[in-house]
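Each of the next two complexes has chain A plus one other chain: chain B in the first, chain C in the second.
Right, the complex of A and B next:
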């Protein structure tokens, strides 16, 4: 896994609570550059205005949901190769399956522990070329 | 604070927002809103509460939210029709959810049986009619085949943005007008490293055309330094907005600045009804115009941006900030909505201290004005005119300070929809609440003390005001009753109305009850208005059986008392068959009082106007002695105790001649009437209330004090105590007489 401190993360969720929880988990893992966006469109704007290495995004959000954001990311070459982890509630197996079709790199089920967060991030960045 | 505890606080704050959104969404749907975004927002609110609650292991909350969410999901997916009945269940479920949230926050308890009953109702809404929706478990998901893909990740720390900065700086005239100095800014910049300064004087006009207060010069500074952009920007912190400022990293050639092209080969992902190109174009446009948002314009403190790895975007740390606000200190990139209404939390004590001081200022200013007038300055003299301006300013300061304590009535209004639902369900009357003027502001204390009377009045409006659905149908009205709650500012006061479209006051019944309870004589000639006002009399209740809704031993007399205690008045108007309207008029603040200034035995006193019903000059024939010093006065065929204020406060030992004074007819606690005898009325004025207890000690019969324009202290009468004490004294004397006689 690359040094967490060198990576730039974007947390996309319409709930400040969840954003703060993910942020605090990421900080514990040594991430320094953590950005927040409150919906998919806001997230996309962030991604177009600065380099982001990892997106952790909720699914159910106003304006543009997590799947929409994922599809937009995957279809736009400059940001296409950004790692994408989808946050889901329980019982959302179908959703994860759809996200997999659209090229999600992993998923994280709420509520999560810092250990799970680490596990999922490592799973993604372990596949680095 | 423990970070997790802070997030928990955030969670409960967000819950309140989501609960409000949930309720307003459901209400909108009930009113016929079929927009899919509305049901989505409603679903999301419950979903978010559940998601956050899970993180804090609030199991009971999660369980109920899950059942609720499942039902909402049915509705969202169209399997459950948004019928009025289903929405009613959901509105009550939202109340239970709110109870759960508050119980979780305050470690309180919830009504388990009620929760279970609602959960069953919600489940029954589903197509399976009560099948338990199981939480999916991650364990049986199996493995997903995540598509292998290469991910851009920095293998090593990105190179530092070193070398330095180019700072283009063009002051506006405002910068100089605020006593800033370019030379000092440049010197400050020089502390960060070596600087090369170029001055662009091309805009300088000829000497004849020069405006001495305009700004013509611009500077370009090349700074060689390891300092980060934040440090460079800090130099200009105080001239933000008063200059054009562009700070550019010196290594600007990396990446070539080729912006991403929105229309550039979007590989269409299958199954797309999403117009991604348009979306990207929109997001791109927003991103391009973004650097005006401060948090975004400033790079992260950690210069780890892999500039080379993401070639097309963010080619160089270019930050244009022409009118940038100061960067948010935590750099967390909070959502913009929280930036919209910037607020600070201030100890209420500090605000009250300020209000006190402003009160002093008002008094002081009034005294000064009076002295100046006495000293014989002409109206047009500099001193008098300066004083006028001072008076204007003082008044504005007073208004502004009072506004700090003001809050929108929304905080109390928003508790009412739930009450209406509950009372409607209990009485079996379909009812809709309409609120207006929720943004109307009034003093915080007034709002807090409004909750109880309003609750009671709304209960009354539904329980007693509205007819049963059958009666309404017979009268040709819609089955659903309407209760209207509104607030508005009117001539320096707040007017709150509670209106129902029910049957209006049944005057025959009210009158017969009042006679039955001995409140009025059977043949008393009363106007309609007087009959309506009987309901404010203590001991009056029209409910033939005490229902558990309005019958709590609390009548309209208590409502009236609480409103009067706030310096307010309440009135009722009723039209048979059309409904009743209660109108309350309250002061915007409790720091000032509308007072009647009176003289008593050479003293100046203030009586709260809200307590005074009328004033009259007693005729000798109307005043009757009861022996000793007790007297009564006959006002329209009713004997009312006449209390000599001078005697009550021990200003004089023998009663004054009633015909030489003025009687103020007042209504005291419990609706008891009395007439206060004073020497004369001086006038009516707003006075600033000063606590007597804080400065001296409590004095029976005196509520507080105020300072008049001439600097003298005037006591504000505590009418209830004066009436009570006089009565007590009378009964003591009566007992003594009885004892002496026996």
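Right, the complex of A and C next:
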């Protein structure tokens, strides 16, 4: 049962507006340490330079997309156990199945509410407090 | 509310000078095309349509959205999703974010309770363009009257006709949809966890 305030979260999306929405949702849930990256490559750099407990990443991104980032994370031993939630524009079964194969922990369909964000995070970590 | 792709183009009446094909984009839809002969059309009251194109890639598109609920609330997420679907569809067709040119239309004044819904929609569109660093090249927002918009997605040309007699009818058709939808149900029947 983790305390949200003690966890470090990375939001990866090429749209500033989406990053801001996810950030405000996370803040509402009690997260304090929230980092942002604008694509998969940028996200990976963040993860290799500081400890991250949870990644919330979009799928559609330039340079390195969400699946590419997920694969990179799972193949880097120091960060391979980081919890990873994929943001998708729709409930694309094929995409989610591929993400599951690569070790995603959960997925979140946009647009989402803060309640759904909490539900998805708690499905990974247990009840937040 | 789930945002969907507008229907395939229909053959317009073949009057001289009229575009050969058109797609009408209704509330909750978007459409992207690289067909220079295609015109995208919509009718707006307090709703907003974003017309976005990449002049180099020769592709453009239009969406049509209405934020349900109060500004800054859950409704904001629907405007964001509508814009994201349109922009992502353009990027998939070869557009580049740094070349995107945006025109915004709509957001006419409609007072619903104490809230000017149209102004909220217009402000959202402007803020999105600013926050995402997109290039705003014109348009027509706010005002009192409904609009009929035509947009040629390849050339970026837009034409607006302000409506008079039917304005209230346009606003009325927007009203029923202005309720908070249940987004997760739109395609969220996959439970893997």
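What we mean here is this: the second predicted complex is superposed on the first by the 125 of 129 C-alpha atoms of A that agree within 3 Å, B and C clash if a C-alpha of one lies under 4 Å from a C-alpha of the other, contacts with A are read in each partner's own complex, and residues count from 1 in each chain.
By definition in this document, contacts are C-beta pairs under 8 Å (C-beta built on N, C-alpha and C of every residue); 3 or more make two chains touch, one makes a residue touch a chain.
Keep in mind that this is a model prediction, so the values were computed, not measured.
Chemist: Quick check on the chain A-based superposition: chain B and chain C, clash or fit?
Modeler: These partners clash in the superposed model.
Chemist: In this superposition, which partner touches a larger number of chain A residues, chain B or chain C?
Modeler: Of chain B and chain C, B contacts more residues of chain A.
Chemist: Just to be sure I read the superposition right, which of the two partners does A:96 touch: chain B = first, chain C = second, or both, or neither?
Modeler: both
Chemist: Which partner does A:6 reach: the first (chain B), the second (chain C), both, or neither?
Modeler: first
Chemist: Could you look at A:21 and tell me whether it touches chain B, chain C, both or neither (first, second, both, neither)?
Modeler: both
Chemist: By the touch definition at the top of the document, which applies to A:109: first (chain B), second (chain C), both, or neither?
Modeler: The answer is both, since A:109 touches chain B and chain C.
Chemist: First (chain B), second (chain C), both or neither: which does A:78 touch?
Modeler: First partner only, chain B.
Chemist: Chain A residues touched by both chain B and chain C?
Modeler: On chain A, the overlap between the chain B and chain C contacts is residues 14-18, 20-21, 60, 62, 89-91, 93, 96, 100, 105-107, 109-111.
Chemist: Residue numbers of chain A touching chain C in their complex, please.
Modeler: Spelled out, the residues of chain A in touch with chain C are 14-18, 20-21, 60, 62, 89-91, 93, 96, 100, 105-107, 109-113, 116, 123.
Chemist: In their complex, what parts of chain A are in touch with chain B?
Modeler: 2-3, 5-8, 14-18, 20-21, 23-24, 32-33, 35-38, 41-42, 44-51, 53-54, 60-62, 64, 68, 71-72, 74-79, 81-83, 89-93, 96-97, 100-107, 109-111, 124-125, 127-129
Chemist: What residues of chain B sit close enough to touch chain A in their complex?
Modeler: 3-4, 6-7, 10-11, 14, 37, 40-41, 43-44, 47-48, 50-52, 54-55, 57, 134-138, 141, 144-158, 260, 264-272, 274, 276, 279-280, 282-284, 286-288, 290, 296, 299-302, 304-307, 309-314, 332-337
Chemist: For a test of understanding, state which residues of chain C touch chain A in their complex under the given definition.
Modeler: Contact set of chain C toward chain A: 2, 74, 76-78, 80-81, 83-85, 87-88, 91, 97, 128, 131-133, 183-184, 186-190, 192-193.
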